[in-house]
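Per-chain residue numbering starts at 1, and chain names A, B, C, D, E and F are given in the order in which the chains are listed.
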Amino acid sequence: MKNYIGLPESVSKIISHFFAACFPLHFGQYNRFIDEERKREVETTKVMEALADAAAYFLDDENQIKELITEVRKRLPDIRKVIDTDIQAAYEGDPAAKSTDEIILSYPGFRAISVHRLAHELYLLKLPVVPRMLSEEMHSVTGIDIHPGATIGNYFFIDHGTGVVIGETTTIGEHVKLYQHVTLGAKSFEANEDGTLVKGLKRHPDIGDRVVIYAGATILGGNTRIGDGAVIGGNTWITSSVDPGETVTIRIYDHNKGVREEDV
Amino acid sequence: MKNYIGLPESVSKIISHFFAACFPLHFGQYNRFIDEERKREVETTKVMEALADAAAYFLDDENQIKELITEVRKRLPDIRKVIDTDIQAAYEGDPAAKSTDEIILSYPGFRAISVHRLAHELYLLKLPVVPRMLSEEMHSVTGIDIHPGATIGNYFFIDHGTGVVIGETTTIGEHVKLYQHVTLGAKSFEANEDGTLVKGLKRHPDIGDRVVIYAGATILGGNTRIGDGAVIGGNTWITSSVDPGETVTIRIYDHNKGVREEDV
Amino acid sequence: MKNYIGLPESVSKIISHFFAACFPLHFGQYNRFIDEERKREVETTKVMEALADAAAYFLDDENQIKELITEVRKRLPDIRKVIDTDIQAAYEGDPAAKSTDEIILSYPGFRAISVHRLAHELYLLKLPVVPRMLSEEMHSVTGIDIHPGATIGNYFFIDHGTGVVIGETTTIGEHVKLYQHVTLGAKSFEANEDGTLVKGLKRHPDIGDRVVIYAGATILGGNTRIGDGAVIGGNTWITSSVDPGETVTIRIYDHNKGVREEDV
Amino acid sequence: MKNYIGLPESVSKIISHFFAACFPLHFGQYNRFIDEERKREVETTKVMEALADAAAYFLDDENQIKELITEVRKRLPDIRKVIDTDIQAAYEGDPAAKSTDEIILSYPGFRAISVHRLAHELYLLKLPVVPRMLSEEMHSVTGIDIHPGATIGNYFFIDHGTGVVIGETTTIGEHVKLYQHVTLGAKSFEANEDGTLVKGLKRHPDIGDRVVIYAGATILGGNTRIGDGAVIGGNTWITSSVDPGETVTIRIYDHNKGVREEDV
Amino acid sequence: MKNYIGLPESVSKIISHFFAACFPLHFGQYNRFIDEERKREVETTKVMEALADAAAYFLDDENQIKELITEVRKRLPDIRKVIDTDIQAAYEGDPAAKSTDEIILSYPGFRAISVHRLAHELYLLKLPVVPRMLSEEMHSVTGIDIHPGATIGNYFFIDHGTGVVIGETTTIGEHVKLYQHVTLGAKSFEANEDGTLVKGLKRHPDIGDRVVIYAGATILGGNTRIGDGAVIGGNTWITSSVDPGETVTIRIYDHNKGVREEDV
Amino acid sequence: MKNYIGLPESVSKIISHFFAACFPLHFGQYNRFIDEERKREVETTKVMEALADAAAYFLDDENQIKELITEVRKRLPDIRKVIDTDIQAAYEGDPAAKSTDEIILSYPGFRAISVHRLAHELYLLKLPVVPRMLSEEMHSVTGIDIHPGATIGNYFFIDHGTGVVIGETTTIGEHVKLYQHVTLGAKSFEANEDGTLVKGLKRHPDIGDRVVIYAGATILGGNTRIGDGAVIGGNTWITSSVDPGETVTIRIYDHNKGVREEDV
């Protein structure tokens, strides 16, 4: 039977070296006498080592592993560029953010989306289990659960983030902003005739550009599309599409005064 | 005054050795030249050591501690069997799950319910505080907060799980599935005449067999019973019973088009 | 460019020594032969060392750092007293709590509010970024995200707590109780004319004394005031004020039987 | 090319678990609620795991590794018995020793000979390099360098021990006592005709029963035999045999008074 | 049976905190914003904690332990002053020493005698085993084996030091200098009539003031006194007294030219 | 006053990364999917980082530090080549050595001389204290004390090595072999007129090519030269020169039979 001893440690190393490779002045163990490019190079090599270790639990062919890490190394600079757009979105989207350093050092949404950018590439390269372990480690740290299969556009910002769930076949446009507890999930009835669940279907929603989704909103289903610029109020429950530019909310009742008028 | 230095470390060791004892090929520090039964035995002994250390902070009588660990050791095989039903439920209940290994290695719901299976036995054996510390450590890691007093049937699956709260006197049937942010909690008014809260009452709901509860649902109260096969929609607020087979949801309003029709 | 290597470690040390300084018999590495006052003194000094280390990343003037730690050391006894009121509130507010030791050892709400009490003082003393890193570390551990700017009265209790978000300009009265997933956040439209967000405004609600807010409630906006003694039901969405003593909830629909009557 | 990464760590683990298996009440991480036999069993299994890990760097055939650890496990009780004779010899041979616990906890000679007892069995079982790494780790800790090939009788005691060297083909009788800096080594001239050194010859001395060798004595050569009961004075240089019962010393000169009379 | 688990760790902590308490700017984990006296105080408290932990393995009466650590704390300033004389002796006695910092940071003789200064006080206070474990830990690190019972005057310097052995009942005057491999040991014949060794006798030599003892010298016996100002040449073997001011050496032979003239 | 906190850790890192840079397949944390040159590069960079950290305690000018590490990086390949000659000497000089891997993994002499090769270059570049701390760390691990100032030729081998001392101004030729406890030291009388010791003089001996020095030999003085091919017997005391090709020994006495004939 297969043996996975040591795999969780390798996955943790991928993450810590990945942050140090992307932000050598914020994370890692460097000093000012080593030039920055050399630093990135060292940490990038360490990401590749940990990745090769982790991949070896699932890929039997050594050449496959070598190809994998060669390809990932090639894609890293682009991953880094997308993460910069996410930092910019956080800075512009949160009035409490005083500097980009503060975002890099203390924003859970930044940490979760950064690792997703890497995990998603590994998912596209069909590496089993490891991408999911990467996303689950960030889920444990940040409370944000992004399946590595989700396709997410640039300038993505999750504020606070605890309880956010983004399913495997979700697609998200550019300049989208999510608050805590937002679920982009699957509806229940996608099952086979024998009662077992169908695997591999499109099960999660499509979110357009410039959509804002407030805390606690739950949006479900593979045919559900939230149009560009729509605003989804907090604690809503959406299982069918919302047109571009629309605003949807729940209604609240005062036990003495009846229905209240709430905006977003 | 009592001194609890070292207790948190003992509690952490209970958890790590418990996982290694249950899944020696996924967790721990073993190698293939030691046969699997010997491995389980070693890790089980380490669970017992850590448990005895932790118990010694609360039980003054050494014989009581010895009886406790003897009894827990006896129950471990059954605990292990129930956990297998939970793994099966996760595999059948999540279309994204590609293998049981993936579940064991990366599903927070699996981790939380596994430790609950142990913590609940310790709760039944009336060990103070330690069961709660076990559940709180898993709460910190997974965002899932199951009080060790909760009685939960076989084949239980929590998907994603962040923000799930299951109260002390909750009972849950078999084949139940919960999503993130689900609360099975207490209503407010269970108080003494002098205004202090009553402790020890039945305060949390009963959930029947084959119930599905979607993200964000809040179900409260010791007299609240969710009947077999009921479906509770996301972001609902339930303080009285739901009949078997029923489906309950909230309503959503489009600011331009009025009430929307959402299913589950 | 500035270098933040080592800063996260210093922030972690502030937290661990702060708990040991406040509760030397529950945390830390002490023994019974050293008297308790000496213990507090040692751990307090270690808090100050770690704080000075962290502050040095942001304050260039050594005298400023010395003044900061002198001032914080002076405020620590008062911080400690307020935390005692929070412990008392937890004990009185949770029927499941069997002892204050159990709260100190296993309640995430206690841990989050304790660190907030320190972080808020650092925020008032205008130390950049560090207060936010303190609160984010507790967010990662507990799922509770309290901005260090929030002003919170004595006897504050958060039960379970995963997903709680409390924004920077929130004010909260005394004897307030929150459940998991409660958001005290900002509405969207506080923006400059050029479309960029206004920073520094009052953006988050005011919560009166003796308010109870149930799981999943979302309360937004700088002009939103929840009056003394009000009860906010679970999964609500509040963007305007609620009068003192009022109770507000959402409504739930049974797909066969229509609107259900739920209380709080 | 072969890769030895991780080998030193495995060798260290063999040693620490070996001590814990032999002396579970002095070393290791146990508690009183686990019975002593179970403790020994756990630590013994861990010795075997570490040994299997280390052996796998040198033995390609898995069956060979399994046979090795099975055989070593079988021999462990006898190794343990011989170590008891060494402890007894230390207690009887050192007036400063107040208890056997003191010897187990603080005598370097005890530590070095104990590991040698294990390393020598591994040497006899022809495991490459690992026995030598075991002895070198003890050399680093104690300053005592015993080649795993050396054959050493029961009741062996090295006092202080720093600088002791015992060569590969040395044989030592029973009840022998050595002080620090004693060398039992090879003479220089054992070389091949082409000038390269001959490997595998008998190169080191034979020491009889009840011999005492004082600090700094150097005894060299494969044909050198120290007879039963002989006493070798400090700082001597011996390259030919010494008869049973003899006493040999160096002479010392006072620069003003000439040859001094020194005894042993 | 008694259980010593954890004792070696406590002994190690005594040493590391002792160095930090004596030299807070060279060892430990401090920073410039904490004043030096507070630093010493914190580290001193930690020495006392570790000492109390270690003592509790051997002293059953808690009051005894409290008295012990109170007394040791009182003696620490004097211990510190004697260590300063040792540092001065090293600086004056070694032409290679460029600064006292270099001595503190890198001289094994300094490290061994410093811990001996503490261990000797514990020996005088009759704490069992712990003083010996302290000296053995330094023996392992430096190769210098000083029994905690040895009485050593101020301004003591051991150069290089590997292999130095100083026995329990040795007395050493002021301004004495030793090189590596020097043994101040016991002669063999101090035994009882029944053949067992006598414990508790004066067994080791007395060394006067301003004596220099070169590498490899072995001086044995309780009646052996080395007079003030004597010089003991390298590799000598001394079992009877040497008069004040004398110089003793061995003779060396050139195989072709006969006896060589060597001075010291 | 200067603060050296953290310096010992940096010195330890220099050593561990230096070994990994020289022997990436024996030490360090690499895997087979990263090509060997990249591995060396990463570890070499880490040596430079640790070296820059350590140097910053003594060099105030940042440019000096940069020049230092640039220069050391340049010299590393040559250092590596000399170490290869030392490994070859060990293999040829020790009949017990079965492979060069065994030497790299378990020979203390190899470890000590390797670090000396680096420390000596740092000494030549006039970096204060750090070279001495490097050599002292190896002294602690191996018992071999080589001052970084010593000039040592290629193909150098120290067998066993405990207690070897090689002084600052020693020079050693090629193909020299030393056993344990050999001292190449200073005589006593190099002092100033005011009684203080002269610093900076040539104080230690010169050893020619192909010299063999047996265990316990002590050779002292700056004018002492051991000629090419000489053999120095064990436990000798040499304070004046030995001609090329000569053999010198001590004489040994049998208490009954008189002077013994010993060869080398």
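Going forward, contacts are C-beta pairs under 8 Å (C-beta built on N, C-alpha and C of every residue); 3 or more make two chains touch, one makes a residue touch a chain.
The structure presented is a predicted model; accordingly, all values stated were derived computationally and were not measured.
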item	value
Neighbouring chains common to chain A and chain E, by label	C, F
Steps in the shortest chain-to-chain touch route ending at chain F and beginning at chain C	2
Rotation in the CA alignment of chain D with chain F, degrees, nearest 5	120
From the options A-F, B-D or D-F, the pair that copies A-C, where over half of the contact pairs coincide	D-F
Mean-CA-position distance for chain E and chain C (Å)	54
Whole-Å gap between the CA centroids of chain B and chain F	60
Sites on chain A at which at least two other chains make contact	29-32, 143, 162-163, 181, 216, 235, 249-251
Chains touching one another, given as label pairs in label order	A-B, A-C, A-F, B-C, B-D, C-E, D-E, D-F, E-F
Of chain E, residues touching chain D in the complex	1-5, 7-8, 128-129, 132-133, 135-136, 139-140, 143, 145, 147, 149, 162-165, 167-168, 181, 183, 185-188, 190, 196-201, 203, 216, 218, 220, 235-240, 242, 246-251
Footprint of chain E on chain C - complex, ascending	29-34, 38-39, 41-42, 45-46, 48-49, 52-53, 56, 62, 65-66, 69
Residues on chain B engaged by chain A in the complex (per definition of touch)	25-32, 92-99, 101-102, 105-108, 141-143, 160, 162-163, 179-181, 212, 214-216, 231, 233-235, 249-257, 260-264
